[in-house]
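In order of appearance the chains are A, B and C, and numbering begins at 1 in each one.
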Amino acid sequence: MDLISSIVSLTFIAQVIRLMTPFYLGASAANFSERGGVINISIEGFMNLSAFSFAVFSIATGSILLGFIMAIAINLLFSLLFAYFTVKLKLDQIVTGVGFNLLSAGITKFLMVYIFKSSSNTERFEGLPDLNFFESIPILGSIFSDYITIFTFALIFISGFVLFKTRFGLRLRSAGENPWAAESLGVNVRKYKVYGILISGFLSALAGMWLASNQNSYSDGMIAGRGYIALAAMIIGKWKPVNIFFACLMFSAFEALEISLQVSGTDIPAQLIQMLPYLITVLVLIGFIGKTRPPAADGVPY
Amino acid sequence: MNTVQFKDISISFGSCSVLENVSLNIKSNSVHCILGENGAGKSSLMKVLFGMYQPDSGEFFINGKIVHFSSPLDSINMKIGMVHQHFMLISDFTVLENVILGNEITDGLKINFSGIRSILSDIINKYNLGLDLDSKISDLSISSQQKVEILKLLFRDSEILIFDEPTAVLSPVEVKEFFKIIEEFKRNKKTIILITHKLNEVKLIADRVTVLRKGRVVYEEDITDCNIDLEKLALAIVGESRVSIAVDKSSENLTNEIVVRLNNIDLYKNSVKILDKMNLSLRKGEVLGICGVEGNGQNEIAEIITGLEKNFEGEYKNKNVNVSMVPDDRISKGMISQFNVGENIYLKNGKKFIASSELLDDFSDKTITEYDVRLTNNKASLGSLSGGNQQKVIIAREISAGNEVLIFSHPTRGVDINATAFIHSKIIEERNKNRAVLLISSDLDELISLSDRLCVLFKGKIIRTFESDELSSYKSDNKVSLTPDIEIKKEKDNQLFELLGKLMIGMAD
Amino acid sequence: MNLKTKINLISVSVSLVITLLIFSLIILLIGQNPAGILSIILNDVFATGYGMGQTLFKATSLIFCACGLAICFHVALFNIGAEGQLNAGSFVIALVAVYFADLPFPIVFLFCLVSGFIVSGIFGLIPAYIKIKKDVSEVITTIMFNFIILALVNFFLLDFFAVKSTMRTEKISENFMLTKLSDFMPFFSGSSLNVSFILALAVAVISYILIYKTKFGYELRAVGFNKTASKFIGLNVNKITLIAFFAGAGLTSLSGINFIFGYKGFYEMGFSSNIGFTAIAVALLAKNNPIGIIFSSLLFSILEYGGLSVNQQVPKEIMLVVQGVIILAILSVDKIVNNYFERRL
């Protein structure tokens, strides 16, 4: 009974919505890259790197703002490198993604030990400041207490607008659907692919920072597969901003449930709940909720 | 006044010369047809004009001014538009999105959809295109897709319109519609360049015609009042040196036993009807020719017989025979380019599990000598060989599999004359061994000289079958090839040619 | 030497040099002497029997796993699920050995090999089957299966089979443990190097023969090079793909043999420490050639063991960075070198 009441409570719902933030940012990051035709399976690595650099620079400079700027800058550089490999050299995107994930994990583990003399945790830092604007409103106040979550909600509409209503979006999507046709109309396909990847780097930076800020530190392995779940959410959401939002809500509900389970100490094994998002993804892909279709030239080096 | 002037344009890829000193003038406000066989250089010349290829030497002028195009964008900016043979459309986009891509009119950040809509509706009405701006390309018929391509050009105010084989994919009714649009273009003072290899279209629509052969201009003529010597034109296209095909058919062991039969076969792909109550039977000891414009169901027939296509309705009978196939596209379907000759043969015909180097060498040596494959290094990967040699290896592989039924799909496409003759002799050799041969081709010469029976395929249906006696009655001489006197041969052959040509595009009963 | 081998050699050596330069640069940046660090690594790995033994021990698991992946990669499909696949198989191997402790060793060992192979293989088969039937990218399904399998193993282990308050199974019978190579080569004394290493070399050679010298290997590579043509040539593309993924994923389970029968005697959560991912890099570096995999596995295990030996001076995690750099370097240099030769030909 405890469990059920805790699930239907408002705090639980608020929790679900808050936990949705990194998923949605990660999924949108992947989406902007894939809409341009570049599969980016290193969202996990991107998030990891930004969470780490945010923590390091916030602690080192004592300024959250500087940490924020540095994390974004480093992720943009990292995504530029990713673009160099996948767009300029036209390397296989999956292998490159695997390489970037290894590299990101390697860099952060190495620097953790080198800088903090610990293989698990950085010291604590303050994290992003709270936004007090909605404070007086009961639930909204707790959901919209940080800037990144608010931006995430705005992003649902922004990415829909950008992808489907603007010149940039049309051209980005054309690069992902049929780069040859786009090029024949004078669209600079490679440029748009690079933009897509850079947006991907920016949004995954926000996701990583939110996670680090949420626990007021960086710890090894803290992304814990969220980058991959974000990919899954993008696929289940059929590459559409609003659908992705609902897929992310589902995944964050699982995470919130897992947390409630651990707190309430029921018999339901946490591992099985942990497994659910991935299992559901596979089931969805097999076709339990209709066919999903990626951009036609997704993953094709151009 | 000349809208486009090419001056001594040359292009080559590696050692292969595609265009050699081509000079050509295109008058403004005219329909200019460019004719030639596959690989004659028509498309390459147009790609130069559209900024997709840069010539190695020579220059060209638009409205009297010299231009250098480094990308299609430069060409688009000069109001040149091109409809490619394979449409450049994004199938997941709507008509509207496809049309405006690259040329979006924006209102601040947002694309000005309502403004664009009204512009496009005006164009659609003016040219009677009948398109719905919100339909997805993937839901449209081929002819509607072509109209979207046309709309793209009109939206960009293109003055010079290039069409690369626009009618190849259209039905006769659609062709008529298309010609109406072309006439409307002319009324609107546009210049139209049409690449084609259909002579009757030239007669109907062209103001001037240029024939390219092997990268050179070989013939030019102005056409007034549909007056043109088609014979002369045809000869210019194929060239005088056309080698007739030596065919030595024995008829002794024709057993006439039917080995494969298709009965009332219906086949749909993406809910488009590809085969429509198809009936076909293939006998031992014959070459059955299938004649038709590409995309009328030829590939599907072949795939049903080889067993690759299983989702059809109707009855397919196979007298327990194995089928070999030489597919139409050797690079993508016929071979493993990374493997060498021996490895490609072993892959299909090797019986031993362990591939010892002696075994591979054996396969390799045998093929190279028997099929006269020319290569510098016996271990060279198949991808590095010339088209004719690749085709020989594929044919060697399929023939030596020793199956009773052989399908040849466009066996000599893009193959030089010597290899063609060799391949033809091999096809007849197999027929004489009492094998059943299905020959799919768009080369009428090849079909007429090799086939014992000939079916005309149109929209997934066999609309006419020429039995062997009827076929031979058309042929000037049973030993077609050995006649050195081209003129005599042509008269009677041409009757068949013309009849087949009409049947293929559905213009005869 | 033909051009292709030459190109491969050039690109491998250039990327190793680049990696070495980046490695030295990092060492310099943290105020150490690259030459000194390198000599410690080389001394530790090559000058002591223990170091060499440990290096070869680590290479053993990588060889198994990378050979399996190479077979999958040859059909031009990705398998990013080795980490999960090998854990599933290894877990079952440990359970079988624990629960059939009364049977004679050869039977148990064979039983372990077969059951581990089948369990890992099935988890390779499923994504391949989904790919064939539903055209769902194997990349995403193998990634998802990593999480699913690890969660499942974790669940069964902790809820049913683990020794109380540990994350491991019970120990298998002492009699089942594989012979250490130090038993007859005292040079290696103290190291965990065991006869699995010999098995790994055999697996590499057999994989090499299978891929490059047999009908199946030709079919496998033909499917990888050109699926459409393979269909027209008459190969059963789906069957070949399924076999490749079953066999490839199955082979990854042998890493568990090395760990369980050769070293610890039990299955432990996290024993694989990401070799399923490292093996991807190992296989790529070797261009999916099993003989090459022996060498790239050695390189990667030298890095790993070398990291331990310089941990005093430089955090050992630097080797993870180096591994990441190697994979990206080989990818890009290979492409650049190939482009260069293509332009010149």
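The definition used in the following text is that contacts are C-beta pairs under 8 Å (C-beta built on N, C-alpha and C of every residue); 3 or more make two chains touch, one makes a residue touch a chain.
Computed from a predicted structure; not experimentally measured.
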Name the shape of the chain contact graph, picking from line, ring, star, complete and other. complete
Sorted by contact pairs, first entry is A-C
CA centroid of chain A to CA centroid of chain C, Å: 29
Per the centroid of Cα atoms for each chain, what is the distance between chain A and chain B, given in Å? 48
Per the touch rule above, chain A residues touching chain C in the complex are 39, 41, 85, 89-92, 94-96, 98-107, 109-110, 112-114, 119, 225, 228, 231-232, 235, 269, 271-272, 274-275, 277-279, 281-282, 285-287, 294
Hey, which residues of chain C end up touching chain A in the complex? 30, 78, 80, 130, 134, 136-137, 139-141, 143-145, 147-148, 151-152, 154-155, 158-159, 277-278, 280-281, 284, 314-325, 327-328, 331-332, 335-336
If we count contacts the way the header does, which residues on chain C are in touch with chain B in the complex? 2, 213-219, 221-222, 225-226, 228-235
Residues of chain A that touch chain B when the two form their complex: 161, 165-167, 170-171, 173-174, 177-178, 180-187, 293, 295-296
Would you pull the chain B residues touching chain A in the complex into a rising list? 52, 71-73, 76, 82, 84, 88-93, 97-98, 100-104, 106, 109-111, 152
